[in-house]
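Two complexes, one shared chain (chain A), two partners (chain B, chain C).
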Partner chain A sequence: MNFVSRQTLPFLLILAAGLVAPFLLPAYSNEIAVLWLMIVFASTWDILGGQMGYNSLGNIFFFGAGMYVCAIVQIGLYYDVGMYTSGARTTHIVFSTAQYFTGFALGTVAAGIACAILALAAGLIVFGLRGPYFAIGTLGLAIAAAELVASWEWVGAASGISMPVFPGGPDTQKIFFYFLLFALAFVLLVFLRWLYSTNFGLALNAIRDDEEKAEAMGLHTRRYKRTAWAISAVFLGVAGAIFGNMTGFIEPRDIAFPTTTFNLFMVVMVLLGGKGTLWGPVIGAVIFHTIKEVTWTYFLGWQFIALGALIVITIVYFQQGIVGWLFEKYPRMFAPRAAGRREQESEIGVGLAPHPEGAE
Partner chain B sequence: MTDAVIKLENVTKSYGGVIANHAVSLTVPRGGITGLIGPNGSGKTTLFNSIVGYHPIDSGSIRFEGREISQLRVQEIARLGLLRTFQTTRIYGKMNCMQNMLISAPHRKAGLRDMFAREDGEAAEKAEHLLAFVGLHEKRFVRSGSLSFGQQKLLEFAMALMNEPTVLLLDEPTAGINPTLINGLLDRLKRANTEFGITLFIIEHNMRVIMNTASKIYCMAHGEMLAEGEPGEIQRDQRVIDAYLGAH
Partner chain C sequence: MMQHIIGNISILGAAPVLNLGLLIDGILIGSIFALAAYGLALVWGVMNVKNLAQGDFIMLGGYITWSLGRHGFDPLLGVPVAFALLWGIGWVVYRLVVSKVITRDLFTSLLATFGIAIVIQQTLNLAFGPDTQSAQSGLPSWTFAGGLITIPATRIIGFGLAMVLALAVIVFMKNSRMGQAIRATAQDARAARVLGIDTEKVYSFTFCLNAAICGAAGALVALVWNVQPFLGTTYSIRLFVIVTAAGFGNLPAVIAAGFGMGVFEQFGGFLLGAEFQQALIVILLLSVLAYRQWQYLRVRQAVQ
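Entry: the complex of A and B
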């Protein structure tokens, strides 16, 4: 048992589950692929919303931006984008296998980079806002982006872009995109596990607890806030690039910048699972996605009412989330690991100042 | 005599029609403990806020180690080594004491790579040492928000020391603290001054505390500097007595 520490065990379990799932449940591999996307949504939202205390309602902006940047690069490498988007519905444009994968790879990288730059730039403006103003300001960013793209003829405006066709059978395509989304989610979780163990994690928590105090202590708060958002943006941009190719067709309002679905799901999943924790968003995403798919299958027509009810219940009665609730109920499970390790050093405390007088 | 680490000249700050500070001048000598007293509403906290860059001043000059700082922002001033604690204690409530300490390490030279650095043993050791100094070593893994008010004040003080400031501005360090705890805090303030060499500038209402700690005291009333001098002089100063007893 000592070979696997309590820290790595969840990662091994996720790795095992992610690798066997599409072969064990082939009929559901698309749904499980979207589950990994949901985990990316929830975990990236939690960087700001949970760890840093900034409730962003505009994170979907980077998902859509990444999707469009990738599409433009993929097409633009070999064709004129304006011609492609206007002619795509009448002429059949073919990409060779090499063209597809080169374009997709470069497009994904470009999406990540572009989103990081967009986040750093937008951060200059929106991080002047606090509390509810920040939420509304970021929401405005996402809605504005959707409307802007919807009226931009060069990228197909509201009728969207038919993405280059995947050069392979439908089964290969399914497995290919499944593993891309799984890899993205897994890398994200490993990355966040590391990130939250560094000074960066402490700084985000300090900003959440008392930003004014953090400023008074000389912390580079603005730099931390913008970097944190850029990190979310990179993963969301890459997720958008992958998802756009997975669906094969992208358009601004419902797929790229869906402010009322994916954008809200991010928040609800994190609140349901427990904000400000590494595993809360993951648990929230799994439960939320399962409920969503079950209601879609068995209560068609009532699914949005069921989801709405879930959202209301979570926000009104269960804000601490599942992990937060466990934390309150069984604090011992979460006792600091370092306590034991540091015990032998505790003689530092002896002799200097034994007890503050009268401290109760 | 000793050089002035903080030098204010004719600092004026008004909120709308209310003049909170009018032509206030003072100097804080390096290495000492300086006190600032005055009745409620006399503009002490406003003056502190002006010094640390919390709000822009209307006119006047604020110099820290000879450098004009009245145009700088809060973080920049803090990174220069001029730090303040708050009247209403402020700590990072959901983090434990060690985390509170570690994130308070000085950010003067912090570059981009330091953002992602792990806590090194050195910082942790220093944090434990300072927690022991204020008597909170046993509580180091306790969520700081669940500490008593007095302990939170001690933690905030330890966090300030962790930041290695040149000057520490303390806004009512003993307010709301159990009287038996005050002596301990007083002792630690003096030790921070002598052992760590930190210049202290303290707003305080508790006369016994300030008269026993400070070597130089300024007294404000109605937003203006009323008197300055050694504790003995201030205690005998008729203007100070009038200000406190309301002779106007």
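Entry: the complex of A and C
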């Protein structure tokens, strides 16, 4: 009983907080909605970066791809996309309520599927790369996508697309998108909690710890890596679809594929919170987003310099993150699983090797 | 789009002398790429740090030159001034950040330098605004082949200076005591330490030298081309492509790839249009990485 509540308590707390927040703090419901988005960003980045040891700098690619796929489906179902996006269009375009929701639902599903396929395909190109090459390769993927979309007339090129207008008042719209993003983040966390307890999660950790050995043990590492990337791509794609409709206007460089803002936030949030854990990215996202929202307005143009400095400081001086620091400081309280496992190991290990962990 | 490209190809076919013009332009500009790529390869090989702020060091050098030109100095003076100033900036960056991450895993140093890159970009943007600038030297341009080929004097001077600088660095690395220490550290840092080389000093010197080379390259960029706060990333990616394609231990190949990059960009820009320039570079990066992987796959190794 005690054990079960300890596992489910954080989820219940999050559920309660998520349901109450927009009514308790109606003025900040947009900011809190973005916080859920940030949690999705951080947690999906951690699937590769933390659990699998592949530090991607281009996960934002799927966010933008999902956004554009959803937009194209939403518009393409009822109108000609090229005509809709052209600056010189003459017809006035309206979407009825039914059209809007059908388009949005289908678009979101399409975004998820398309991003999974893109991840599997792109995985063929990037997963033979390791370490910094992987990081640069994925960064290249995101920049290439931004540049190509920015010169693709059919989807509005650099001037972007104005999304169909939400049928309903601004308050309904706020609440609607808030709960979508919250639901996405909650489902993702529950899903990850389950995923990390399966053999799949163990395989990811094996790849992180030693990929050659994992392969020698018979794991099809490439298949695992691509699947893991596809999982994070699905969630990012759906997040992109929702966020695109939430902002009402999408554009390649700063909204869909922002390589130096959202893309980096993901990494910083995970490093700040502690990578390779379920709750580290969440804590990192909450702290990062709160600091950002509270201080951003006081910096006036200096905010990105502050961001760069924050990245450098986090990486140089505080790389184990908050959760990692707690693990180190209070191993019994915060890492019951790891501590328990270690004790077991040392019992088994008696007589085999004097220092199983110190051996290199 | 397709018609546009085919049209441009037929222009090149109809006026072969245009090819020559693009080739010369590419080689003149490629010399600057080669110079900066050499600096990247140096830091990469000696310290095993992949410096993503490389392009932003170049932009810093470019803005120093541009400011000198605006205050009435000869922009050519920017080359030594940017060299010296960037040496100092490199030292500060090394002390504050790079020295702390050098022993950690590679992603740490990569991300740390990415952070530095963002700080530099945004500072330049705040200080000089987002406009594209270029240093005016007041030097003539020569035209050949009835106006089809134009060669500005600055490009010739830039080419000459880049070559002289690269040569000086190579001679320095070959003959000086410090150069020997750097090469020894690159081969085996531990053995070098055992033999009494202060590797910490070598790392610091290498990073400063690289920053200074970037500063000089940036001065040349401001002279023959233009600078803009956010162009740094493009340069970083370009240099990364060059070094990845050539292999960081192979100096002649790095220089050749630098020229190749210049020529490739001139032709690519001409055929597709200038708006595709950045996409072209990134796609080239992905192709080079894919090719390297395919190469390594045959010997069952990963690119790392």
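Couple of notes before you dig in:
The definition used in the following text is that the second predicted complex is superposed on the first by the 324 of 360 C-alpha atoms of A that agree within 3 Å, B and C clash if a C-alpha of one lies under 4 Å from a C-alpha of the other, contacts with A are read in each partner's own complex, and residues count from 1 in each chain.
We adopt the following convention: a contact is a pair of C-beta atoms (placed from the backbone, for glycine too) under 8 Å apart; a residue touches a chain by one contact, two chains touch by 3 or more.
The model shown is predicted, which means the values in this text are computed figures rather than measured ones.
In the superposition on chain A, contact of A:Asn205 is made with chain B only, not with chain C.
After overlaying the two complexes on the shared chain, residue contacts for A:Glu328 are found with neither chain B nor chain C. Chain A has no residue lying at the interface with chain B in one structure and with chain C in the other. By the touch rule above, chain B contacts chain A in their complex via residues 52, 74-75, 78-79, 83-84, 86, 90-96, 98-99, 102-104, 106-108, 110, 112, 114-119, 125, 128-129, 131-138, 141, 148, 150-151, 154, 159, 163, 178, 180-181, 183-184, 188.
Partner chain C is touched in their complex by these residues of chain A: 55, 57, 125-126, 128-133, 135-137, 140-141, 143-144, 147-148, 151, 211, 260, 264, 267, 301-302, 304-305, 307-309, 311-312, 315-317, 319.
For chain C in complex with chain A, the touching residues are 50, 52, 97, 100-101, 104-108, 110-112, 114-119, 121-123, 126, 233, 237, 240, 244, 275-276, 278-279, 282-283, 285-286, 289-290, 292-293, 296-297, 302-304.
Note for the complex: chain A touches chain B at residues 195, 197-200, 202-203, 205-206, 208-210, 212-221, 223-224, 227, 276, 336, 338-339, 342, 345-346, 348-349, 352-360.
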